[in-house]
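Below: a set of structures, written as structure tokens.
Look for chain A in each of the two complexes below; its partner is chain B in the first and chain C in the second.
For the complex of A and B:
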């Protein structure tokens, strides 16, 4: 088919659009936005390359990976430190793709506009493919990597691992509200701001650390993202072109940004900065380029004349992003027995790198990591969670620990609503709650769920053990010896306690309309 | 005319023309009456970006923004800058515009300054008398040249006069302090020689039956005036809406004429976005973008013409596109300040 014919065929499909006169459309989703019936078509000029591009990618990806990489023993050559974090990062990304598929499915049904719908449909198919590609990558690594145990757990631990629960609070926003709110979370924020640092720059980190499989998958995924960003832009421009939409749009946009920021910046920066072995750039550098300059400075500023402003909390986020990854990683390492990956202690080279990339890092986090390394031997029998002065409560909205941006300048607040105490990690999360408290007030945090469990009971309950039935999946080092067992943990007598129970409330949430 | 000439062929139309090695492919085409799409003519707007499928060209002085490296490597060129180094084959991939009018071959004449009138604190009207008729379409521009021989300083300005006034052209010039051309506007004396070459530009008023949406800020009013005056003369029955943006009341030019509206069905919406204490104004406030955002429900069935600073044109273009305007119903020339 010639290029021009593809565009003509695409236009014909759009013409094949009608409203049923005999039966009014059922309102399946809550839809407070007005969408013009005709808008710009984000897919029109891209349709011609779509089919051939996708076919080539599938061939290249699956063929190359299964055959060549396994025979060349590539997974064994990858940095073990790096490979460990993929056990969390890949299932989590895969869930994000699944949530994206649900979002675009809702958009297809809810947005009565043939131009936009074509783009959503193609994106929905992309998301299905991404789920498959990333699940395949997990499968491949679980077959071929040096310490494969744990790769299959991420999918199962979506409810019982605190980080996985927080990721759901972030990714469920792709489909849990009205479809446009989903599009703002997914296309406008997550895809446009964060997929470049995730799929492009993180891919460079992977390759530099000997991981050839992840770049193959991620670069294939990323080549669809430009089209998804175009969907986001066309959706946002269509919404913003109707002035009645503007007040609600800004509010939902503010909330979408903060929900994505609280999890994605925290998580990606921890992955990025703490699991590199062969070190290159920092997450803060990648963030400055992609999120600050490109997204805020290019994409969003172009919409300012329409009346869409940078999200509320943008300036605060810019400051927070310097520290949130370090704080999150400290929480992850402090709670290592409850995780399902091995977390490598930092060495002298790492210490130098951190101090260079994040001046002031050592004074705030250095001592923790020195002690963490000392505690890695089970014969000493000490857990780094004892290093935290107090365990912070979890945020009712984002489900992350309320310890950000740094323990010494935490923006934790505790408020009453509906006869219950709620912790919020930040002003942004409290605002999101105050606009629509009913959406969050009944949710349970990980702390509330596992309150009263000993760590050993938690490990058994979640199945965080290796095939021998006694060695922990998680370890505070990468060594083959001196691995911690369930017995080592049982000696600790450490219990999970919901810290919120014992913290005083500072008043009631002021509900915003 | 240069001694070395190369053959330029356009695919898929099969048209051919000769182009000297010392002229740009666009100039060569226009000189011989071949219509190619173009805008700023200074290597910046990318309207004249075409794929050179065969042969060699010197892509010339273009910014990486207008022609990124990967496109350059893939064979794309801006024809307003590219010069042939061999016979070349150019792929014409642009969508045909069914309402395009026959190309008016650009000419060059020496004219004289007829009048200089201050309109507002910033805007001036310049009238130029020509010894021969210069035919153009309402909305097109010419280049005005001041200076001697090799040192002529060329600047693009749209006519505000209608095409019927073919011996006397009017322009609206925004005086830019220190501007090599516009900064000297108040010192131009009647009778002084001024070179004119043109016409250029593809965003002239198209025929049709759809309502016409016009947006202008600053001296961008000039081509709009030409269109409205022309439409008035020909008894155009279409509905016109003009959004005209300025900062303060005293910055609005030609108000009386616009309110008289030449017998046209014209909705005239001046809107101000820089009002200061003490300004008397009962009309619309805010930018043209905001006015269009609020007033235009659907842009699906209008022809839209945007004139003024590129950021306004880009933004309103995106807004109208989001309101359903098909790309073939949107017209604007991309002008940039001529400092570069």
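For the complex of A and C:
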């Protein structure tokens, strides 16, 4: 098709709307924003071009994986330390894609703007693509990696693993609220700020650690994300062009940023920094480039003339991001028997790298990791959870432990609402709750669910044993010997207790030691 | 029901290298199942955890306090929506590959017809009155279906159903755009093209007002189960058959328009796929042994009755369009009778009564 014809066709496909006169539809979704019916067009593709483009990309990605990579047994040659984290990272990311697909369905319905709707439809199919790509990658690694156990059941553990539960709480925000709230969470924050660190920079770490399957998949995913970012920008610009929208917009944007920050920065930084074996850059460096400079500096600040400001809590987040990954990883390692991955102890090279990249790291986390390594032998019979002075409660909003940014400067606070105690990890989560408490107050945390279980009961209940029926799926090392069994755990007699029960309520701010 | 028992028990002693959390419909897990099933959280089944196993769990509610997904999103009832399987086993790669092949074939047919002089030779009356006046008007109907199915996939109660609706949504935007793209390319060869005529007809011509009313009602239908049944068991076989298959595809061959005929054939292939998916869905809803079968049968019958009546009204209004083509194909009477009979037959095969059985 000639370019002039393409432009003509593209103009015409944007003129499909008409004003309903026989049966105007009742609004399906709460929509507290006014959207101009004409805006800039973020998606200049016809369905025909889209299919052609996506098929080419699919052929390249799936072809490479099923052909040369499988024949060369590449997944089996990747760093085991790195491969382990994919058991949890991939199912969790997959749900983000699924939630994104739901978000775009809402946007097609609620945003009465043909230009924007075109882009949302393509994104809707893109998100199905990403779900399939990432599920395919999990299955691929399940078939080809050295220690496959865990890959085959990650999706099953979505509601019983505390980190995966926190990811649900984060990604549900893509489609639980009004469609614009979803777009802010998904397109404006998660995709525009975080997909570059996740799908671009993290793939460099993967490749450096011998994993070619993840970059092949993720870079193909990311090639769609640029269009999604354009969707987000066009949506945001459309909303910001109506002055009446601005107060609500800033409020929803603030919440969206904080919701994504509390989980994504914490999660990605733990993955990035703690599972590299062949070490390169740090998450903080990647974050500074992509989130601070590109997103905040190049993207959000350009919207300031329209009345959109950097989100509330931005300065706090900038400080938190130096520490949240280390704290999260300490929690994950401390609770390793309840995970379904093997967490490799850090070695001398790792210690040097952390101290270089995060000055002051050793004083705050070094001792924990030294002791973690010592405790990795089951014959010593000790669990690192015993190293924590107290176990923090989980946040009612983000479902992450209220221990951030660091245990010594935690911003935990407890409130009563509706006859229950609720813990919040931060001012941002407390503010989000305060806007619409009814949306969060009924949820139960992991602690509340499993209160009273022994760790052994939890492991059995959630199916966290290997195929021999006795060895734990998770291990505190990568060795083939000295693996922990259920009997080793039973000897510990450690019980899960909900710490919120014993904490003072109503306005108290507890600093954990 | 989905297998929610411990994974290890079922695979003890054997290294598991495939997903064990999905219960395959047949003996072996298919690629479609592996990449689709249980991607959507199932608060009522798969995802229940902890001591309180009977209660579904939600992390975040909607602003009005409703849960993220709701059993009330359809009047139909089922204990395990995740048991549904798309008979076409489509996942994104197979779906996009299929649509890319269809679009490539259309592009080549259009290019060849232009080079062969077939496009310039089309009669002005065919181009103006059928392609621009009718087919282009009908693209708005297709667009309405695309729109209603996008939120339907959001609300559907399993991933296998959501993906089915998602792909069908995309189908209809493709159908709508194909009309536009063909007319743009035809415009280079044939001066009779008047693209604006289609919207004018859609908005003003009495022949299209019942269809427009139906399109607006479709966009206002929030029950995703009803949309599946109404669109694929009634609107497709009756109204789409007449408006697109008979009035465009069958007439096109008589009027030397191989491209329009080919475009519609690709849409018909999609229509057959969506019909097969809906037939599988309806059979699952009324399967013997299901405690909800009687209720579902009653609901589906009411939808078939209601949608049939509305689709008939829209179909009858198309009567004058049958007189427009320069070389006339099927008469309205025969087209209507055949479509009614085919639609009634599909409905009967599923064990339902159809008002379309009676004489028109």
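Quick note on the criterion: the second predicted complex is superposed on the first by the 491 of 513 C-alpha atoms of A that agree within 3 Å, B and C clash if a C-alpha of one lies under 4 Å from a C-alpha of the other, contacts with A are read in each partner's own complex, and residues count from 1 in each chain.
The definition used in the following text is that a contact is a pair of C-beta atoms (placed from the backbone, for glycine too) under 8 Å apart; a residue touches a chain by one contact, two chains touch by 3 or more.
None of the values given here were measured: they were computed from a predicted structure.
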| item | value |
| --- | --- |
| First, second, both or neither for A:234, with chain B first and chain C second | first |
| Which of chain B and chain C A:442 touches, first, second, both or neither | second |
| Partner chain in contact with A:390 - chain B first, chain C second, else both or neither | neither |
| Which of chain B and chain C A:37 touches, first, second, both or neither | first |
| Touched chain A residues, chain B compared with chain C | C |
| Residue ranges of chain C in contact with chain A within the complex | 6-9, 11-21, 34-36, 38-41, 46-52, 57-65, 68, 91-93, 96-97, 99-100, 103-104, 106-107, 139-140, 143, 146-147, 150-155, 159, 162-163, 166-167, 169-170, 173-174, 176-178, 180-181, 184-185, 187-188, 195, 199, 202-203, 209, 212-213, 216-217, 219-220, 222 |
| Interfacial residue positions of chain A with respect to chain B in the complex | 36-40, 234, 237-238, 240-241, 243, 302, 305-307 |
| Residues of chain B that touch chain A when the two form their complex | 287, 289-290, 293-294, 297-298, 300, 311, 314-315, 318-319, 321-325 |
| Touching residues on chain A, where the partner in the complex is chain C | 1, 5, 8-9, 12-13, 15-16, 18, 20-26, 28-30, 46-48, 51-52, 54-55, 58, 62, 94-95, 98, 101-102, 104-106, 108-109, 117, 120-121, 124-125, 128-129, 131-133, 135-136, 139, 142-143, 148-149, 152-153, 155-156, 158-160, 165, 168-169, 172-173, 175-178, 399, 436, 438-440, 442-444, 449-450, 452, 460, 462-463, 465-469 |
